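What follows is chain A paired twice: with chain B in the first complex and chain C in the second.
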Partner chain A sequence: MTEPHAIVTVDGLSVSFDEREVTHGVSLKLYPGRITALVGESGSGKSVTAMALPRLDPSVATVTGHAYLDETAAAGTGTSGTSSGNADATGRDIDLLAADAPLQRIRGEYIGTVFQEPSTAFNPVFTLGMQVAESLKYHQKGLSAAERKAKVLEQLREVGLDDAERVWSSYPHELSGGQLQRVMIAMAIINRPKVLIADEPTTALDVTTQQAILKLISRLAAELDLAVLLITHDMGVVWQAASDVYVMHDGVIVEQGSVADVFRAPKDDYTRMLLAAVPRLHVESPAAVPSDPAGTDVEAHDSTFKTSDTTGSDANANTPTAETSDPIGTVATVRNPAPESSDPAGTVAKVHEPARQTSDPVGTDVSGREPAVKTSDSVGTDGVTGTDEERAVLGDGERIASVEDVAVAYKPGKYAVEGISFDLVAGRTRALVGESGAGKTTIAKVVSGQLAPTAGRVLIAGEDLARAHGRRKRTILSHMGYVFQDSGSALNPRKSVAWSIAEPMSVQGGFSADEKRRRVLELLDQVELPADVADRFPHQLSGGQRQRVGIARALALNPSLLIADEPTSSLDVTVQRRVLDLLHRLQCEHGFACLFITHDLGIVQEVSDVITVLRHGRVVESGATERVLNHPRAEYTRTLLDASPKIDL
Partner chain B sequence: MKILAYIGKRVASSLLVILLITLALFLIFFLLPTNPAQLSCGKPCTPEQLSRVAAFMGTDQPWYVQMGNYIAGIFVGRTFGTGGGAVVCNAPCLGYSFRLGEPVSQLIADRFPVTASIAVGAAVLWLVIGVATGVWAALKRDTIVDRTLLGLSVVGVSAPSYLIGLLMVIAFALVIQIFPSGGYVNFTDDPVDWFYHLILPWLVLAILSAAGYTRITRTQMIGELSQDYIRTARSKGVPESVIVFKHALRNAMLPVMTMFGLDLGGLLGGAVLTEKVFSMQGLGALLLDSVSNLDLQVLVGATLFAAVLVIIANLIVDICYSLLDPRVTLGRS
Partner chain C sequence: MTDVTSRANPRTRGTAGKAAGGAGAADKARSPYLRSSIIVGGAIVVFFVLLAVFAGPLSAITGNDPYAEHPEALGAASVPTGFGGGISASHWFGVTPLRGVDLFSIVAYGTRISLGIGLFSSVISLVIGVTLGLIAGYFPGLADALISRTMDVFFGFPFLIFAIALSVVVPQSFPRPLLLTLVLGFFGWPGIARLVRGQTLTLSKRNFAVASRVMGASPAHVLWHQILPNLLPLLIVNVTLSIPGRIGAEAGLSFLGVGMNPPTPSWGRSISDAVQWALVDPMYLLFPGGALFLLTFGFNLLGDGLSDAIDPRKGVRA
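Up next, the complex of A and B:
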């Protein structure tokens, strides 16, 4: 038994841009086999800090401080499976930030890096095989091209890309985001670095893909004794994957500790606020759902994931400090609402049998294709709809809009969405949920008259939107407000806020300048913005303020229907909290019907009364939100639920 | 296979473009208030002679018939007049210069090697100079090197070719006398002399065009070097030189290539001013000559030839583009 030995010790790291210091003396430690999360909102300095370690910060940045890489890490590279973490360091550590640091070896050989946006992180004109092999080329110089290829193919298979040969000769645009992220991970670890920096590795991915990638990272951390620094803004991701967490705010670490401790008893006010702001998904145990072969498969995924998480604490158990390893062990149990939680011995067994995890067929399954692709939907094309159940929730409020068997085909026979039917009722919110490409935005466009349906119809207050033209269509649309996803690009940058808010009134006509001004001020007040914002321009506002302006514009004509297309997905979590609260308050006051599009089930639970789950352009399940989330009938809903990060304390 | 289908489709649409160009040329040139027959009529020119000449040349027909005859001539050749005095213009007949007494296609065939020598050599030179300086400027962004190169490129872009050309002739042909001031020697006659005569025209054109390439390469390189994939390559420990010349340059070259294809295609149709300055008898000189002598058949033939070259250059660029950038799929618009 020895002390846990940090592989990376960051000491007083500060980054400045043009004399302006953005991070102030950050210190943190990374341990082999453990995932350490660095969490914070945009502008907190978390990415800048992480990128400074392999000196991938922008060239204008000045970095001061020290980041020591344990000497054993440098010694152990190039050969797989060598165990470090023992405390016999001779003290000849490498300072990553020193001017004479061996940059080329640090990058790729000591530290592997995984980036946020897999679609832009690869060079578009080279094959993926070439790009992964390049990682080997400059670190393992003796290899022939054929040997490099063999190694790359082996590595690709290890990260779960079974058709490695095809991936080898593919170009980045030919693979999905999840597949690309696997290739990126393969590229980062192919030289067996001791440290992996993952900068928002799942932010651009769908929730089921996110889960699979996080599982992969957990598994690799355990198997390769990899110290992972996970940069994220998402507390759910921290909970799902990390064992230790550092919370960063305004360039300073405000809190640190094990995930279990910090989540259960946050000491810092900012951490508390951050945790309080996260929309949490509370569902009854998914295990309560009676036996369904694929369903158990999904749960098995989950348990594997948790196992590897536990294995993380096992690696720690080799070098335990009582206060860290113990709570994490507890966490593993707490986080398992599934049957095995009632069986503490099971958890223990897994801790002592990491080998079982590798040979577990489900384990290979996890490393395979994204579960969303694989899981067959037993529900079939018609989906599950609970019409009576919806009626019970929606009450007999006024039907503002009816979507009747709508289909949109971009090419004859190629449907983007098909067979979509639902009602939107005054004062109630319907959430439209699904992963990217499910057809959420297409439906929003049809409902808002931007896109004519190929079949079916949309009735707004009894009128068929597609048949209305000119003034009549404008009148129908005046009952509708639209809040867009990206608040930054949804406002005209050259027009004042007042102009943007008043635009719907200008389009409809019949308002004097005075009336418009009065209304703008009134609306600003409603969305809790000061009146002087009216004469400012979008670039002078923060993201949250811009989204408020977007909401004010949507409400300008007192709409009876509000369509909100991922209105908070580009916002920080604390800002998102305030915008969601605002929307809720406005709905209570104005009683509009709301179509809320999101991919986040936590938000869904908070904002919606009824939910429509979409997949591949079809309704998979529809019904009262609480029923769907707690007792999903469609298998796909269960998959989504299962993949969604759930913070259960 | 896919690429052949694509080329077939492109050729078909190119033919349509060429037809439209021919139509435009006929409308412009043959409806001008000049009578081509008048020029070949000789002096004195009686109305009878004039109508005889017009009938001989075919210019007494309506313009669309003339155009039909012209197009037919390209494929099957045509014969002007009848009997002993008939002039035969074999396919592909791009017209017949009665002033020079030669078919236009023959004139083009004679002149094209001169223009092609100038154009291809200059293009290679300016591409190398432009891309090299562009990359250099991008790497030395906002330093004195960058600003100097940008300043020079402004001069290059804005200076007229005859000015640079004449200055070069004065400097290197008259004052220092190391290069000939003009003329052209066939490559097959004497390759060294051919090269020797072409150095100055190449330099003139290269200096002028490289400036634009410097700027576009610089802009593209700066853009590419700030892309995410560059950071990814750095994170793998790839040496900076490889990042610049392999990762960034290959992406930066894509728009440069488009420009290059168009420029080269256009230049092959005749480097008018440069040929004039260095007294070389290329297509440019032929065009200039035909304009000043109102030799309309030559003008139409040479212009059409130039247009076809631009279209071919475009086609080649598009095919190369699809080979360099896997995201571009041929045959999908």
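Up next, the complex of A and C:
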């Protein structure tokens, strides 16, 4: 690719709050028609950096450095209503960070911005049409109301909202998150800016919607020659959409380059760690290879994908590739390369090292799951019903819980979930997968006894949970641990960590203060937290630490069943990696059954033995994880797989 | 430990620093209860408690009591003679117009009535209000409906007319301070109950309450351990703010003739008497009014400081 002229050149951008510098001399370049990703974990300074360009940084921040916008390119915005023709003619670069920068023109006219959470970024009391048209008022003066409306409708159609008239008169709550994000993109580009800053544009969206939005951004970048700065924490999104990537860590760009180069041969340790931490979805079936949205990048990525199969370098050790697999027994090979030969296990360990430091050696992981994997190996995938196949994977372990034809109706006749049946077996993990609104959490509530099923029943250790009350229910629930999505909210802010971890013991009764204290320290040790955490309060812990506390509490009574409701979705990938490793190690040690709710198929592949795919409250597919992921039978599973970001090197 | 956690959570440190301002840094090293608002507010409240307890000996220093009349201190038209309503070595706050009673004795003895009624009626309201509010908020359906409708009735009930009617019905031998405490306490709970119910509704849906239920915890456990601690700051502020209001209500009832019977000294009755003399003898209004203001101020400071101190996010550990 020929090196085009950069439209934005950021040079030595530093942002400081209260004399404390949070980003240190960041330099980056944006090119027309290309998507540049700025990737990093929370607190790395990526958003602060990006938001400094249109000067949307908080007013307490001090920004130093330069960010030049190539004015000759900017002058190309023919629709510019405000006449500053003289400045344009000189062709001199504008310093976006200069004190006298033309802010109003920069915002909207040169740089469009798309925010993370579309549902909160719009004003709920105005129609979307009004809100989109608003930016025309300031940047394209002299348009009549009718002209503005025509322009907005045209723009809405361009971003894929075909019923633009309806959107025009809709209020934000009347549209879905994906549609709102499209409206926001329309609003950002309606003045034909040269640069689009997208701050985590798909983080709040489901995978299928995410894919559609990323496709849209790619298309717009190509069609409008738009330089896109995509801020994200998700390596999958980077891979899916971007062509260049800057990796940011602690306010410093640690690595930069083309996506293919950085992903294939990361030079910096941090990038390596970040890449190793991403739970990667790997599916071998060619049917499941996605139609990659990133226009021109498709070829590049696809070709790397093909070549990597044969090279099998260190870098993809985390994604045990198809090299060791046979067409039928995919379950064993993809999940755990170790049983086949010790060599791949070595590579796994090596690559995992930075993230795994504190966890058990890989050996434990493998031995814990080997039997299941072996049995499934012997069963052919063809012509096997989901239940037989599941039975094969689950082995003859103890059935801890069985969900029998459960249905829940919040309103009479309107079922949120219907016809749900599955077993949870000791030492095995079942993943519950689906997009938002699929009924995952409803099922978790039913299994944990928060909600009585309208029909069907949940048996835990042979007892019907919905019929038990008082002491009996408490006894049944003592066999169950529940890990919440966001343990920060699941810990009482006014109680110490020790109190929270000991709470299950307080609820059950019969433990002395000494016993509780001893158990708390033991649990803290198990979840790899220092003992002094016991006397702290939740707000003094980081997100990952809180999640560990949540896990410790769930394990306080040595449960035989653990329900984990998106336990890592609010965490950074490196933290997520450690929490997943921890959960896995604990499962190996304690042998509990696990119901793991997630929307991330990469995690599913890593943690689960069997998978239940939900859509609109019904099971669309259920079976051994690797069979479902590699040879999905349901159309919907295939759609989900296609939409999930896959990093194939 | 403070240092370590601060570094681990810079966001908290930022907000805490901003909220506490310059004084925050010095406070951090000490107990969370050693903050200026608690010290000053507490000192004021303790001062009035001592004043109430030692009202007798203090008045006796100058040989006064709140019932003795000193016509010699009054001039023409029964207005106290001398500076500031007759302030002198024997009458520290001067004397009341018309009857010439020592004002210091009235304020000191009045503290007993006012503080007592304010405190105890608040406690009664608090106990009833919190109990019913928690029940209404945690058990939707019949319990909530019954309690909420009862609250509506209380809100719509003409309190003054009830109080006046009650004072006629209740025999004169029944101690008036006790009657006032009961009446004020009994009519004060719906406000607290409504507040508690609303908070309980939201808190019981928070994940930490859900987590307790998933463990099989009984409603009593959830209410006591998960919800009540989160209600505390709200309750403390509410109660400390309501005490002055109750002292004022006592004044209003006394003014209407259904509260304390003259000549029993009370701030409320003194203030309502003094209003009629405000132009002629402003000091008569100033001393009991000032005492009420100071006590209100002290309770507000104390309540504010306490609610900060018991919050681990704002306390010393943050």
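Please note the rule applied: the second predicted complex is superposed on the first by the 533 of 649 C-alpha atoms of A that agree within 3 Å, B and C clash if a C-alpha of one lies under 4 Å from a C-alpha of the other, contacts with A are read in each partner's own complex, and residues count from 1 in each chain.
Basically, a contact is a pair of C-beta atoms (placed from the backbone, for glycine too) under 8 Å apart; a residue touches a chain by one contact, two chains touch by 3 or more.
Just so it is clear, the model here is predicted, and its values are computed rather than measured.
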Problem set entry | Overlay on chain A: chain C relative to chain B, clash or fit | fit
Exercise. Which partner does A:V152 contact after superposing on A: first (chain B), second (chain C), both, neither?
Worked result: neither
For this session: Go through the superposed model and pick first if A:I647 touches only chain B, second if only chain C, both, or neither.
Result: neither
Exercise. Thinking of the overlay built on chain A, is A:H539 touched by chain B (first), by chain C (second), by both, or by neither?
Worked result: second
Exercise. Which holds for A:P493: it touches chain B only (first), chain C only (second), both, or neither?
Worked result: second
For this session: Determine, under the contact definition given at the top, whether A:A121 touches first (chain B), second (chain C), both, or neither.
Result: first
Problem set entry | Least C-alpha distance (whole Å) that remains between chain C and chain B when both complexes are overlaid | 6
For this session: Once the two structures are superposed, pull the chain A residues common to the chain B and chain C interfaces.
Result: none
Exercise. Tell me, which parts of chain A touch chain B in their complex?
Worked result: 54, 56, 103-109, 112-113, 115, 117, 120-126, 134-135, 138-139, 171, 173-174, 184, 187-188
Exercise. If you look only at chain B, which of its residues touch chain A in the complex?
Worked result: 227-229, 231-239, 247, 250-251, 324-327
Exercise. Touching chain C in the complex: which residues of chain A?
Worked result: 448-450, 470, 473-478, 480, 482, 484, 486, 489-496, 500, 503-504, 506-508, 532, 536-537, 539-542, 553
Problem set entry | Residues on chain C engaged by chain A in the complex (per definition of touch) | 1, 5, 8-9, 12, 206-208, 210-218, 221, 225-226, 229-230, 232, 310-313, 317-318
